[in-house]
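Think of it as A, B, C and D in the order they're written, each chain with its own count starting at 1.
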């Protein structure tokens, strides 16, 4: 884990409110694993106070990519960075995806910017794995396919692909998918993850989900990011024990 | 480092420098040790320990506010027993002073915790948390009650020879009255301040952003309040003070010492910059050198005020 | 504006909308009128008036802090007489509700001020400042004393039929106890909160940055505290509340109403954006329209908490 | 008085820590007078909280110029503006210099960035006036002569011009100056202004000074900027009654 000052190499607009930022980060880029995240200081002064957590979206040599949506003040400031500006990364943090065991098909189920961690995961997968990406969004304009593979879309308004949410799309395709050994990788808003989790537990599908929650430190010292463990006795920490969990491991 | 003596003494406890990591903002030291050299720091205070392990409050536990944050962790901790078994061995390996923070819901429970811990050599002092705003029992009830604070100080002092610091609540009219009571009952120092009670609501769901409804406000937003509280104690009592609240860098630390702190703790800043303690150390050394300060303890309470 | 009724009633005082400019942050209205349309606002509170003119504290009176500012103006004001003669004529020209804020150092003086002012038709209500942290006499001494607040409320109420609001200090353990006393003594509403006591020192001269040593902290930094105080009052008393503290925009205003405020005041933001009141007005209208709120007063105290 | 969103046209480095920013501000530029100032919002969010006061340094058509030194967070943010960014001006504020009456020589006495208000004053003076500028600084590198006329320098370290402070330079030149009708215009740090004021009052010289102090609002509603009036009964407000005062009018 490092605290690394990373210079901005480029900032690209990927959709109405979506940006892809590329930064030079030689220390973190060579040890980060798919599904891990960085906690980012978006300004050079004490405001906003806290760092902002973002999944590592992709890695290219010494460069890291983050895909982000405009949300509040932090992402606004991030979207205003110019080439040569710097941001300060703390990472790599958390536990990433487990993806190198025995299954033939990786089924990626992403809701909106839940797609963020997958380009890096896809890049790192063994080439013999079959990849299917199911990508959900409110509408056509919310679909960002950067770095994804073999994408089928689902939109709430039916403006592209399947008319409905991405978990419904998964259900509609499950016949084809479940003919082989497969693992599901999910990321997206909580209600979506909950639906995905329920479906997978019911059907005993192998599924890993990456969850989000408010964080202060990102590395286990503030106790600010608890999530109920499935057994319910104690909390797990999203930042340290996650953000990727087995679907059966946590209560959403 | 050559010409500056950074060591301080707070009510009988010697520290190699005045920089202490605050309770609840460093866990039990292991995670932050990946980012900073704990051996360089004056001390570290454990997360508040309770007799039994506590799960803490349900999420959401934290929210950012302007130049601050609210937390309602609810004293999640492993409990005294497991602390002794699982955490102390790791902490022993460091060359820094360990202060054990204790939270309880009755005078007896405070004493019981201290009894279990007092024979651990690595623990050099106790900080008694009578001011947690985020739990039902104990917490602020004690923190707002002069008699309770006096009684707790007295009983804890009687049960250990180690220095006892009482961590005071800022959510009172006159914090110096509490400092006086601590002094009268034999307490060795006060730690000031704990967090301010605050809240924040979502304007669409109309629900509190923090499940516990209210939380404790920390960070730079509260620094002016913390400075005023420390100053008030200093001007009304001669009990040593450990200053806490909103310190982000060495300048804030110097300011805290000037208004009266013998040592200081850093909390929220650890979340943003886990190496802040060491950076503050370097800043203090330069400041002392540039201003011809031989012993940093000379700084304490040297505010220039015509009363 | 068509479908939203923004009018509110606070303890007998009707306002066309809940937006009030806070005492001490708009002078007597003339300067800010260059930047904003006072006619659009619910009300305006005068700078605290005292019986005799006050020169106020020597400079430096203000300093910026993280997301906040400290002030120790020291109740500089023209005095009641000159207010009536020189300021009221200007204020009469506006179609907004005038609330007169009064500061004094004895119960008798409060009453005397009210007596001199109560026949001015343009003054629709009194706000009694028992919570100024920046003066020697009166101020916080009253603000921290339940009996004094009760007595002042009672005497002022007996001397005027206009609504009387008591402006409470946040520098107390339980602000709701003060709200209850105000209610018991016939007060029509409470204004909460005044500023928090804070300070800041120069680390080279070791002098306070504010000549008065301590000042009052205002601005977004204190918003979480203000919200918690208003919520505490709302959950413990049914006296109407005018919410104050750190409101910068319409979202903050909505949040303040949700935790219990019937109306709200904006202070520090006027210095940065003197047109903030009107911008908040427009924001409130959109919010109400988008959320199908017919009367803005429906919002007050609608927090969703399982107690 | 306006609140005007002003786009940055250029930002030029004028010295080690000194910058000149040019902004498009058609409303304020056409009514501002020499010696007035603007209270500037340097960021697009609520941090730093307060506006920062800066003298209008120069006006060129629809454009305003501000000359500023790096000091703390506000000036740091200002120095990072890029062309096309905007800042928000509140102004013009305060009372400026009175400079159109009967005297032949204008003697400008500026300490460091106290030079800021003078380019605009000089530009607006009747052409028949004789102008002498005395400019003081710690060292050669601290002298910024932008927009000044007929400059004599004074440096504390003697690295350029007169060796000493600028008020001593004035004294050394007063013989030549006082041969005609003259008015002194002073701006700079408080200790310098105090020395200038004393000297002028003693000698009954016609002198106007522009003073600085901490401000919140800048237009008279916060009462945060008092200055003792010479009679001492009441305070004047620097933002409204000043920042330019007759030297005999205030106690420094």
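Here are some notes:
As a working rule, a contact is a pair of C-beta atoms (placed from the backbone, for glycine too) under 8 Å apart; a residue touches a chain by one contact, two chains touch by 3 or more.
Please read all numbers here as calculations on a predicted model, not as lab measurements.
Taken together, chain C and chain D share the touching chains A, B. Following the contact convention of this document, A, C is the list of chains adjacent to both chain B and chain D. Of the two interfaces, A-B and A-C, the higher number of touching C-beta pairs belongs to A-B. Per-chain CA centroids place chain A at a distance of 36 Å from chain B. Between chain B and chain C, the centres computed from C-alpha atoms are 34 Å apart. Mean C-alpha positions place chain A and chain C at a centre distance of 46 Å. A straight line joining the Cα centres of chain A and chain D is 53 Å long. Among the residues of chain A, those touching two or more other chains are numbered 46-48. Touching two or more other chains at once are residues 66-68, 219-220 of chain C. If touching chains are joined by edges, the resulting network of the protein chains shown connects every chain directly with every other. Taken in their complex, chain C has these residues touching chain D: 24-27, 31-32, 34-35, 47, 55-56, 58-64, 66-69, 71, 73, 76, 219-220, 248, 268, 270-275. Remark: chain B residues 66-67 touch chain D in the complex. Against chain C, the residues of chain B that register as touching in their complex are 65-68, 70, 144, 171-174, 196-201, 203-208, 213-215, 217, 219-225, 227-228, 231, 246, 251, 254-255, 258-259, 287, 291, 302-305.
Only residues 1, 3, 41, 46-51, 90, 213-228, 233-235, 240 of chain D touch chain C when the two sit together in their complex. Against chain B, the residues of chain D that register as touching in their complex are 46-47.
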